[in-house]
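In what follows, chain A forms one complex with chain B and a second complex with chain C.
Let's look at the complex of A and B:
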């Protein structure tokens, strides 16, 4: 019993880590097709905002919410100044966002030093038999699922979502039908940035808040989104996090952390080879249509 | 310098000096150790002006005039940004403090003592010495192997004041300068910077390196250019390099004391979590080999890549193994998150380490009680309550009031730069070959941790090892101490860099001793 729970918990934390790493990128890469290499730095800014507020006495939950809006604003500024000039030019956007990531990380280093004060992990620990666990990770697993559900609701059940999907699929047609596509792009980029900031703030207690902290999330985020594919980004994200942590968890248990990561990368490699359009296209075909 | 010691016969146990001393010296009995101490008295009090010591030691060393330069240039690379910045900044500031002191005309007490060295020579005394040793107070203490006062054992001095006038401002009439680019925790950049400092800036000495990966990245460049090089980190041991002086503590000095303490106090079953690169792998090999010797066993090992900061699965594995204690050898800002995560998941095993707290000050960075019951056999922590250390800590924080910590390797960097200056002053030149030869005379320097002896044959240093323990409030107490532990492993392998230059790193796999221990563990 303890053993089963322990394995489930390990699976859940691995999946939640991937989902939170990827949540902002699901929107920006999955929907807008912008290869945003500054994704990790947006998460870093979220963590910085959360840490600064937390240490000036703001409750942690409020810090997380403020991080969302603060980083969304950063996203608006980035989109207006730079990103909007690169829609449809994926490779140029890649270079530009890489440059932005360097500027943000080095800027944080110059402005705030090598790291910020850490945030204690909330909620403490629980025990079942001999197995003990962190309540905060349970909360993160639940929150990650809620965020994805919220994203699904926004994009598939609201008027904004309809206009946004229309804009991403057929920009000129949407424009002809009266959708302000420029605004949709801006809001979508802001949403993606805000979610990255939110995820950064949520992860902040579990990691070291430092200028280069974003780098640890970039690779998992891209692997998750690419493995998921863009046919249905939400189904893709859920499917790929489940699939990848299903590969990672047992191999980490049997052979250690390094082999676990290798197994995850191999699994995504094999999957993309077999399903070049990603897991979501397959899910869509099998179950959703 | 003649050096006819029989290195291969050096003792297996690092703290047992009585066996080694019969091999030491050039046929000197213990009586001659007295004259060596007398010599030491002269040499270390006034190193700069010590004509006798200078003449004696410089015999056979050609006095090559250094190329004309207005400053003595110390090349210095550490990571001031990136994953390892948490350590680099302290080391950089400690180097700045040492350089400032040299330029003010100050030096650390100590001097060349010959190949046997102070603190290790005294171990043959059956009773406290009748000869006045050269400590500023003249007072000498005696400790038995496991620490604690005794009437016979290891001799050591513990002066309150270690900073003394050097006789000149600067070094050899020149100002000392630090050229210190940022390595950015990036091994490739390290190679470029090392090349630039050596070939373009033509530094007189290079002091550099946090991780073993960084050191191994630049060591080939150092050897090719015959660059005098100090590696001041605590590390896995085994570097036998003609041009490299390793002044940090190594596995045999830390692993054996800490493993013994953990087995004696908490039980036989240990679990190792280590960073997945040469340092973590090799240190874990030492832990695996030595735990059975003190009646324990390693029930599980987990190696974690440096980029990992999420430990849920590792924590679950430790939990499933139910060890009596956990050896954590975690490196970098990412990995230090193990501690708060383990505490949040309810892990309460006693912990041991050779690096954590003393380098990345996890006990100050993370919330209580994440580091409760952490034990580390350190050679330095700023919490050491001796007067000489309190004075050093005060000097450091007067210069850098904003700094969060002054760790183990910052202290090593500090005394290493002073040691370099003393050696160059005695050599009368900054010519790298000449300074290296003088460094190979066997030096004792009074560091903030205690007396440190730089052994000529292996280019490694003896250290004053203390067992630091963090309580629930993350307050540090020192529960046991070993006044002098030598870095004996390379001696045991027969390394003698003075007589037979080498440029390699030995690993435990090359030592027949280790497979033997593994077999013992398997039984």
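Let's look at the complex of A and C:
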């Protein structure tokens, strides 16, 4: 019993880690076809905002919310000044976002030094028999699921979602129906950035808050995105985090974190070999049409 | 005579490597169905894209209900009542039929009741309203893009070769549909190279050659199938 719980917990934390790392990237790549190499640094800014606020007395939950909006604003600025000049030019956009990532990380180092005061993990820990767990990670698992549900609602049940899906699928036709596609792109980039900031703030208590902290999330985030594919962003996010954690968890438990990550990488490679368009295309073909 | 809804004068446009549209002029009056007949590649689609605002013009003007709209982008023209049915259909393939219709109403007053009108007119679309638009047949997609434009209650409907790639019996249906729509007062600009559809649907017309409007076709001309076919063989 304790063993089963422990495996489920490990699976849940792995999946939540991947989902939170990837969610902002998924929105921007899936909707705008922009590979945002500054994703990790946007997460870093979220953690920085959270840490600064937390240590000036703001409750942690409020820090997380503010991080979302603060980094969303950073996203708006980036999109207006830079990114919008590179729509439809994926490679150039990639180089530009890489430049942004270097500037943001170096800037944080120069402005705030090698690290910021850390945030203690909220909520403490619980035990069931011999199995012990962190309530905070349970909260992160629930939040990750809520975020996906929220995204689903936004994209499939609101006017913004209708405009965004239309813009993504046939931009000119959306324009010819009156959709202000430039605004849709700006808001999408803001949303993806804000989600990166939110995830950074949520991860902040679990790690060292430092200029290059974003890098630990970027590789898993990209693996998640590539495995999911962009046919259906939400199905892809859920499918690929589930699949990758399923591959990772047993190896993490038996052989440790490093081998777990290797197993996840291999699983991703095999899957992409078999389903080049990603898991979401397969899910869509199989169940959603 | 009815007022002019759309007036195009000396319109010039292209895609960077030279002008495709070279000073085209024409007029569409309220309640009329005006056809533009021209063979492959004379610039009919470029004309429609430029009127819609998707291809920028380098000279000339577009006037809608007396207002110069040449400087407006496609979004603003759509909101003012330009209903666009592009060549090659351009449905939103991963969206349901219903969402394709909803987006047509969204920026034009969100009158969701008009979805019901469309379902009544096109029962096939109702049957398939949950289906992804990309999985419809060519004829059904053509109905969908026409319905998607109509659901926004357009002031003028721009139809770019609706006959392309659909079966001959459906071409007949499209002709009948345009007539029916016209009875309800809708103004239509139709470009085609299908003489049968042109004759079935358009009251008057123009001939387009190499980026220019070269002849006006009167009602009598439109009945002269020989003449229209001759235009296409030029």
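The rule is simple: the second predicted complex is superposed on the first by the 289 of 289 C-alpha atoms of A that agree within 3 Å, B and C clash if a C-alpha of one lies under 4 Å from a C-alpha of the other, contacts with A are read in each partner's own complex, and residues count from 1 in each chain.
What we mean here is this: contacts are C-beta pairs under 8 Å (C-beta built on N, C-alpha and C of every residue); 3 or more make two chains touch, one makes a residue touch a chain.
These numbers come from a predicted model, not from an experiment.
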Q) Thinking of the overlay built on chain A, is A:121 touched by chain B (first), by chain C (second), by both, or by neither? A) first
Q.
Tell me the contact category for A:163 with respect to chain B and chain C: first, second, both or neither.
A. second
Q) Who touches more of chain A, chain B or chain C? A) B
Q. So, A:231: does it touch chain B (first), chain C (second), both, or neither?
A. second
Q. Touch check for A:179: first (chain B), second (chain C), both, or neither?
A. second
Q.
With both complexes superposed on chain A, which partner does A:149 reach: first (chain B), second (chain C), both or neither?
A. neither
(Q) Output check: A:95 vs chain B and chain C. Expected answer is one of first, second, both, neither. What do you get? (A) neither
Q. Touch check for A:61: first (chain B), second (chain C), both, or neither?
A. neither
Q) Same chain A residues contacting chain B and chain C, which ones? A) none
Q.
So in the complex, the part of chain A that touches chain B is made up of which residues?
A. 3, 6, 9-10, 13-14, 17, 106, 109, 114-115, 118, 120-121, 123-127, 130-137, 205-208, 210-213, 215-216, 249, 252-253, 256-258, 260-261
**Q.** Residue ranges of chain A in contact with chain C within the complex
**A.** 159, 162-163, 165-166, 169-170, 172-181, 231-232, 289
Q.
For the complex, give me every residue of chain C touching chain A.
A. 52-54, 73-75, 78-79, 82, 84, 86, 90-95, 99, 102-104, 106-108, 131-132, 135, 148, 152
Q: Within their complex, state which residues of chain B touch chain A.
A: 80-83, 85-86, 89, 185, 276, 302-305, 307-310, 312-314, 316-317, 319-320, 322, 333-334, 336-337, 340-341, 343-347, 365-367
